[in-house]
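Letters are used for the chains, namely A, B and C, taken in the order the chains are written, and counting of residues starts over at 1 for each.
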Amino acid sequence: MSTYLQNLGHSVLDFFERLGRGHLFLWQLLLGLPLLLRRFSLVIQQLHSVGVLTLLITLVAGLFVGMVLGLQGYNTLVDFGAEESLGVMVALTLVRELGPVVAGLLFAGRAGSALTAEIGLMKATEQLSGLEMMAVDPFKRILAPRFLAGFIALPLLALMFSAIGVMGGYLVGVQLLGIDEGAFWSQMHAKVDFVEDVLNGVIKSVVFGLVITWIALFEGYDAMPTSEGVSRATTRTVVHASLAILGLDFVLTALMFGS
Amino acid sequence: MENNANLIKIRGLHFSRGERKIFDGVNMDIPRGKVTAIMGPSGTGKTTLLKLIGAQLQPDQGSLVVDGQDVHRIPKKSLYQLRQKMGMLFQSGALLTDLNVYENVAFPLREHTQLPESLIRPLVLTRLHSVGLRGARDLMTSALSGGMARRVALARALIMDPMMIMYDEPFTGQDPISMGVLVELIRTVNDALNLTSIIVSHDVPETLSIADYAYVISNGKVVAHGSPQQLWQSESEWVKQFLDGRADGPVPFHYPAADYQQDLLATAKV
Amino acid sequence: MAKRNVEIMVGLFVALALAALFMLAMKVSNLSGLQGVQGYHLTANFDNIGGLKVRAPVTASGVLVGRVSAIRYDTQQFQAEVTLLIEPQYAQFPEDSSASIFTAGLLGEQYIGLEPGAEEVVLREGDELQVTQSAMVLEELIGKFLFDKASGE
């Protein structure tokens, strides 16, 4: 019994310790950001590895999600004779929810895990220590550019996901199932609000981008410097980041569209 | 600065990791312009000592003065300035994997100076030439052998014209030729550039062949120090065992255990 | 050379994202529709607005002319007071125009339809539409139908 309590106490303390370290880590990341104004080329490099390399998977996924929404939505709406609202349904679902969330999940799986593995390996091969000994702050030189890039890339990816998803819905709804093209676009146009729907979706994806990149970098930086430690950290990144996205999505949705 | 002969002065250094004491009151002087070896069995915290000198770790107690500055009590900015003058060679080389050899060597210059490419190029090429790898400048670090990676790392450490270089296990896992190259390089570089070198190693013959002075540490304490000749002639059983690499002696072959016979009988009963 | 390629790819990436934003802004959402807060406000009191929401369309002869900008309950007259934001190019509604709440289809959203009157004087910023027709509430309709049927026999 007492060992059980001891273990419980230990894991609670460990949890708070990690939480504290995670936030100190975030603070150091933020301190590294101002330097990047002078060396934006570092960020460009990282935008390539977290953004451009995630683009293809995001576009393909977006197209298919849009097409599925078109198909499912049509089957439901046609019973009410409201199939012309398909465009509204597809667009709202994408810009409010699926764009930020699914793009975020893909980003966590593709870019987040890669970031963790990269930083973890840099730690395991003493590259981070080496930088410190060369009087180069790894936070400023290595971590902050990746943080900023992740934070910029996800909203852009989510926008592209939503846009191509709407195109997918259009393909299925109008080209395949024969909904009137004019009604599809004009109803969407009348019911989707730029600020309320599109911008709120962008805000969501900014928050997700920040959280995913933060988790990914922290797990890499905090990983045990062995191959096993790095692989475990990579798994943790995907699991924690995905849960964080879904949990935060609920909170943000309640805040934005609740009342 | 009262005693200019010693670049590094360590006094009463205590350091522990969790429950385990790594250093228990270590005193050490590293003379300027010489090659000093720090030797000891695996797990005695030799690498930790280098990290303490570079102030990547904080000691529990004691002072560590490098070039007149107590590295654990100066502000971060001064520490970073001091580190620019300290080169460190990690066991793995710690080269940046996303850059090629040339860019790795040029890295400190690009970070710390605003020099134009026309000045960086000759500096990088002379350093690469001095480690014999001028021809390998376009290789990626993944294409280098362990010994080559260490030589590139040495070129990188030399590029900022440091006052000292710390070598962390430079000879571990090297074939005889690379080992010979590294031994030769450490000595010639030290003398040609008037550096202070610290070698942390447990490769006794190689290290002692180029060291001017050596410390042997074990169980958190300095157990012997002196010139290589003095160490070879040491009367201490422990030092003899370590230097000659005997299997049994003051450091027992067996991990502490219960009586052998009783242990065997106990197993039989179960 | 490799660095240049990276920069080009990132440039393309950002351009593509901006194109997506443009499409979402112009084609998918109504950023181009109601430009900010331009236009003039009219108020109308209704006994019952049913399920009318802020941002519901305001139409005249089926053409979108504005949107509902606010809904509040008027505690003096015990009625719902609805504020309409009408786009500036439709500034010619006569004083005796009427507003009715309609439902798009049987279960669709509710919207306001404006019926122009015949007066010379036109409505201006802040004026009130005097003639209004409340929303049809399904329960009331059914109740009335049953009552009529019962009393008719």
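Throughout what follows, contacts are C-beta pairs under 8 Å (C-beta built on N, C-alpha and C of every residue); 3 or more make two chains touch, one makes a residue touch a chain.
Here the structure is a predicted model, which means the values were calculated and not measured.
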item	value
Set of chains whose contacts include both chain B and chain A	none
Interface with the most contact pairs, given as the two chains involved	A-C
For chain A paired with chain B, centre-to-centre distance based on mean C-alpha positions, whole Å	43
Averaged-CA centre spacing for the pair chain C and chain B, given as whole angstrom	76
Separation of mean Cα positions, chain C and chain A [Å, integer]	35
Touch list for chain A against partner chain B, complex	121-122, 125-127, 129-130, 132-137, 141
Residue ranges of chain C touching chain A (in the complex, touch as defined)	3, 6-7, 9-10, 12-14, 16-17, 19-21, 23-25, 27-31, 33, 55, 57, 64, 105, 107-108
Complex contact set, residues of chain A against chain C	41, 44-45, 47-48, 51-52, 55, 80-82, 91, 95, 155-157, 159-160, 162-164, 166, 185, 188-194, 197-198
Complex contact set, residues of chain B against chain A	51, 54, 56, 80-81, 83-84, 86-88, 90-92, 94-97, 107-108, 111-112, 153, 156, 160
